[in-house]
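I'd like to ask some things about the structure below.
The letters A, B, C, D, E and F name the chains in turn, as written, and every chain counts its residues from 1.
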Amino acid sequence: MTSTTSFTRADGRAQDQMRAVKITRGFTTNPAGSVLVEFGNTRVMCTASVELGVPRFKRDSGEGWLTAEYAMLPAATAERNRRESMAGKVKGRTHEISRLIGRSLRAAVDLSQLGENTIAIDCDVLQADGGTRTAAITGAYVALADAIKVLKEQGVVPGDPLLPPVAAVSVGLIDGQPCLDLPYEEDVRADVDMNVVMTESGEFVEIQGTGEETTFTRAQLNEMLDIAEKGCRELVHAQKAALGI
Amino acid sequence: MTSTTSFTRADGRAQDQMRAVKITRGFTTNPAGSVLVEFGNTRVMCTASVELGVPRFKRDSGEGWLTAEYAMLPAATAERNRRESMAGKVKGRTHEISRLIGRSLRAAVDLSQLGENTIAIDCDVLQADGGTRTAAITGAYVALADAIKVLKEQGVVPGDPLLPPVAAVSVGLIDGQPCLDLPYEEDVRADVDMNVVMTESGEFVEIQGTGEETTFTRAQLNEMLDIAEKGCRELVHAQKAALGI
Amino acid sequence: MTSTTSFTRADGRAQDQMRAVKITRGFTTNPAGSVLVEFGNTRVMCTASVELGVPRFKRDSGEGWLTAEYAMLPAATAERNRRESMAGKVKGRTHEISRLIGRSLRAAVDLSQLGENTIAIDCDVLQADGGTRTAAITGAYVALADAIKVLKEQGVVPGDPLLPPVAAVSVGLIDGQPCLDLPYEEDVRADVDMNVVMTESGEFVEIQGTGEETTFTRAQLNEMLDIAEKGCRELVHAQKAALGI
Amino acid sequence: MTSTTSFTRADGRAQDQMRAVKITRGFTTNPAGSVLVEFGNTRVMCTASVELGVPRFKRDSGEGWLTAEYAMLPAATAERNRRESMAGKVKGRTHEISRLIGRSLRAAVDLSQLGENTIAIDCDVLQADGGTRTAAITGAYVALADAIKVLKEQGVVPGDPLLPPVAAVSVGLIDGQPCLDLPYEEDVRADVDMNVVMTESGEFVEIQGTGEETTFTRAQLNEMLDIAEKGCRELVHAQKAALGI
Amino acid sequence: MTSTTSFTRADGRAQDQMRAVKITRGFTTNPAGSVLVEFGNTRVMCTASVELGVPRFKRDSGEGWLTAEYAMLPAATAERNRRESMAGKVKGRTHEISRLIGRSLRAAVDLSQLGENTIAIDCDVLQADGGTRTAAITGAYVALADAIKVLKEQGVVPGDPLLPPVAAVSVGLIDGQPCLDLPYEEDVRADVDMNVVMTESGEFVEIQGTGEETTFTRAQLNEMLDIAEKGCRELVHAQKAALGI
Amino acid sequence: MTSTTSFTRADGRAQDQMRAVKITRGFTTNPAGSVLVEFGNTRVMCTASVELGVPRFKRDSGEGWLTAEYAMLPAATAERNRRESMAGKVKGRTHEISRLIGRSLRAAVDLSQLGENTIAIDCDVLQADGGTRTAAITGAYVALADAIKVLKEQGVVPGDPLLPPVAAVSVGLIDGQPCLDLPYEEDVRADVDMNVVMTESGEFVEIQGTGEETTFTRAQLNEMLDIAEKGCRELVHAQKAALGI
């Protein structure tokens, strides 16, 4: 890494260091899986609910489906944000993150082993301090694992649909330096913002990197991917510890 | 009370007994006031955020305003319920409860002492097991108190807007017997469902009683109000204990 | 009652006196029941239409259903109010009243005797001068009775679904005095506003009392319920006279 | 006219004969102008409300504006139709008729004499039996006249904005025969359906003729216009009689 | 015609002269029929897509159906207009034109020969310079013809549903002079604006004439219809030339 | 690259070969910039319109803004897709692409040189065959360049806001082989789908890679980026040729 010794982060972390990660299972009791995930001050409630049947485009396929919805509570942010249900429209950002979570989690489930059931992932941000989408993906995998266990115990699921962990982390360039797991304060002033979703085996599920204020070189991309890989490895470790596997 | 010895509630409570009540301040850190309130398994996150300025109809009145929004997370209930923002419309029930919370909390604040500021109350149900609206009102008062303290510390509020506590409880007729603080299971089979909002001094802020499946007599109304009064008294005690006053 | 001799209402009525009530059947000819109800200057067109079949949650129950929708014509009020269809959203107040009317009228019909039919109640306020929701409930009962008669004549309804009358009235505290059937002018300055829905036998279907500007004591509640009972008794009389029963 | 002696209308009218027309002023009291207009069984409540100020595109023009909204009450038709506010969208037909009424009435008002005020016309169909839009235009002129009188009495209107009457009538081809003022039963089976809006002096404000099921010749157009002219003349007579001018 | 020698149009055309008309088939390849139609600078992409099945109200009728949707691209006009999908509501004008196109094209197809198939016409205005709806109807007929040819080749259509051409043109009064095919600049200042839809045999499908700023006499109507007839005749000629028939 | 000789694409292209690219300026005349861009059979109309003023969050910043909206015409795809304005809601995919285009084009404009003006980019897909978002970005840059030229000629823009070209291309893994610029047929069966937005100097503006059906390794990522870079270089060449620079 090209980071120089003179660079320091506001919270004192090393550039390739995650914030404190905490995964609490059984956060609520009604959904099949319910997890509170914390990346520093970011806190997301991730649930996995099971619905019999599948959407129309999957009907009679013998396969299941997984959907995801992301939302931020109005008081999650420093300034209260308007409730989308009252505004009568869902923001593009919300749609985009919901779709990302759905794609990412579908990489962690073998739909052909699920039977014609649908798993609905809900990620509701209770407190936002950067990295809400990556915390959501990371926590949702644990909720998914719990939900599938319930399904198997109930004999609803014919096979063994759970695949190895998928985790996600944000990484960015701050003053030209690659930094892992950006809190809000860093996120706002990052030149480049990237979200990386990886499997336990170190393969990519999704990469999204954007440099609205600036652009980035191939070398910088590689630096960012290096530390993202480290972060995801640690997150998978935390997921497995939480699940006791 | 006319309760006979033979009547027993599923959870073993006496007819005039509240579920365990727990009020946690500082549940999240961004809003001025943030409270997790629990009535048994019902858990509601209540926040109070401050916005400069007031809605148009209050402009140049020298007074403040208070609004409230209630919502249920999709996975709060036993069956996942559809997210209202995605459905594109807010249910009548949601509107009704939001309006009730707003009216109730406005009885706990002297708007003329608030300056031209708006307090936005958000009550998001994390887990639902009956009595979500009454828990929301009870918890929101504590969040409101915290928010007003912040405003006063910031010197934004000219006067002393916080009025004595307002608390709310549900009460119903089950098999003709008045019961306090109904969980979901009792709520579903209650003949009459009533919500009572009271002040510390025992006056009513709001009474809403409905007997869709049946009707109720004046005598039964009085029995229900008697135990509701007991419940509200205990809730005010819990609010004050939480606030250390 | 504690009313003193010095208190006078703007329209000269006694505190426990209704405005002139007029119920006109057959106001329009297309719906099975069509009634114009007038409480003083408040005029509401109440219709009951019959739809074959029931909503999904009632399917195969052998029972019928009743729904209600309330709306105010744009020019019903002193200031024209915006048309909700053009605004693209229905106000919380409208939802709330529609739901109240539905619950109240379902107390006047034995759904198990209705067959799998739905009765749709529409209450459209032509002219508003306070008490529109209570006038709507009172008039809708008459429209409902007419619609059920049509259904029975057509042989569609197996049993005898009409139950005894349900009527509703508003009552409030004005300068601390309980007053019956508030016109707009009194409604605006009332300290407490209460709506009471009762059956012919004097039992409550629904009580909704709110004191946004102030609170009210148990004694004041009882005074208000006393005069509400008198009002409802007179309204049931008017309903029966209109129906010739 | 080419009508043969053998052709008879279900209600016994001659081909060029209007249904009974009735115009009742002061139908409700809140809006500046309020009229109930009846063309046979079609009954439309037409109101004209005054709003200070004008829409943005007219601001600082020194001129006023006139808008119109048309709606059908749910129970106005033989089959109850869904309430547009609840459906969350306004039908194309409704928009189309609202626009037609607005254009037609703007031909009856000199906007330059109105000052920067807006007149809002509302036409709500209480009972529908064909010709609702033409009845609405005809009745709305009378409501407009009353509203302008109020404005002049209040000294709000600088000039004399009311122009001579505008009236409207439907005409169609039934079994190839031109017929005036079609009720619903004829409207459904008409080959061609035309709405004609005329001034007192016999000039056209608007012509809309459509032959979805068939087409029509220039000769047939002329026959239809001839009887439409007769109908509009009679309607203007009725408007002036109602206004006592 | 009463046109005097002194009257000249900005683009030098005679009063009864069309702008240059160009009809390009196969403009895009996915839909069954795809046409770019140009009336001077007005350019509309008209497509005809085939959908199996019919809307509910046509089910089991043995007949087909045809629907149409019209829209304007945001940058089609001189000032960019707001995208209706983003605004969340479709303008009344758009609904009105879509309905007009649908009715007009249904006059060009024998639904009983179509089988239970639906043809969806889309008319998207790429560039607007007046007369977009009449260009749309004229071009859509050609797209419809192509789509029906495809259906017949696929053996989906049992009969011979295509009827003779339907074309449309605008006509107006400018400074009291009847003018054919108004560009935007003339449209804005026209006293009367009329759209005429005709069949090849010279019968009317639809006439819509409006004089918001003024009114028009029977004589002026006749003058406008005379030149509209000439325009439609030429457009049918262009349609047939494009189709090679 | 690891491509083996045995791998062939349906359209005969080499794995790192673009489809035929065509950029037509002045496609329509109303917007300041109007471009038709074609990547093979994919055709997108890209326009850049200028609006005075900036959104609220940029007011008094002295800077300009750029927004973008993407949409697909209903008949652009093989199966007609529903018009979003009629459906009443915009799909998440549409929002996502609109946001991507906006971010990408903002990397090509120096907002501080634009004055307080807004450039609105509209990308409407006339015909879709894969790669619509990358074609949109590539074409929109040319429309943006034309619009800025107009602004400068009008003296509205104080500085020189146009930055060097930004272009975008899709790349994917098909049967494990990296392929450039996927048409629809390849897009559907690709294991990984990646969109890369680059500047003329070869820096990244945005990378989005997703492997819903599978995952991908760091090595495969590098192979894909290699050919994406080649594609973007060629596209910038085409942009500059079109602009004559």
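What we mean here is this: a contact is a pair of C-beta atoms (placed from the backbone, for glycine too) under 8 Å apart; a residue touches a chain by one contact, two chains touch by 3 or more.
Just so it is clear, the structure is predicted and the values come from calculations on it, not from any experiment.
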{"item": "Each chain counted as touching chain C and chain E at once", "value": "D"}
{"item": "Selected pair, out of B-C, D-E or E-F, that shares over half of its residue contact pairs with C-D", "value": "E-F"}
{"item": "Between chain F and chain B, distance of the C-alpha-averaged centres to the nearest whole Å", "value": "51"}
{"item": "Centre-of-Cα separation between chain B and chain A, whole angstrom", "value": "33"}
{"item": "Separation of chain A from chain F, taking each centre as the mean of its C-alpha atoms, in whole Å", "value": "27"}
{"item": "Contacts with 2+ other chains: residues of chain F", "value": "88-89"}
{"item": "Chain contact graph, described as a line, ring, star, complete graph or other shape", "value": "ring"}
{"item": "Contact set on chain C toward chain D in their complex", "value": "28-31, 34, 41, 43, 45, 47, 49, 51, 69, 71, 73-78, 80, 83-86, 88-90, 94, 120, 122, 124, 126-128"}
{"item": "Chain E partner contacts - residues on chain D that touch it in the complex", "value": "89, 91-93, 95-96, 98-99, 103, 106-107, 194, 199, 201-212, 215-218, 221, 225"}
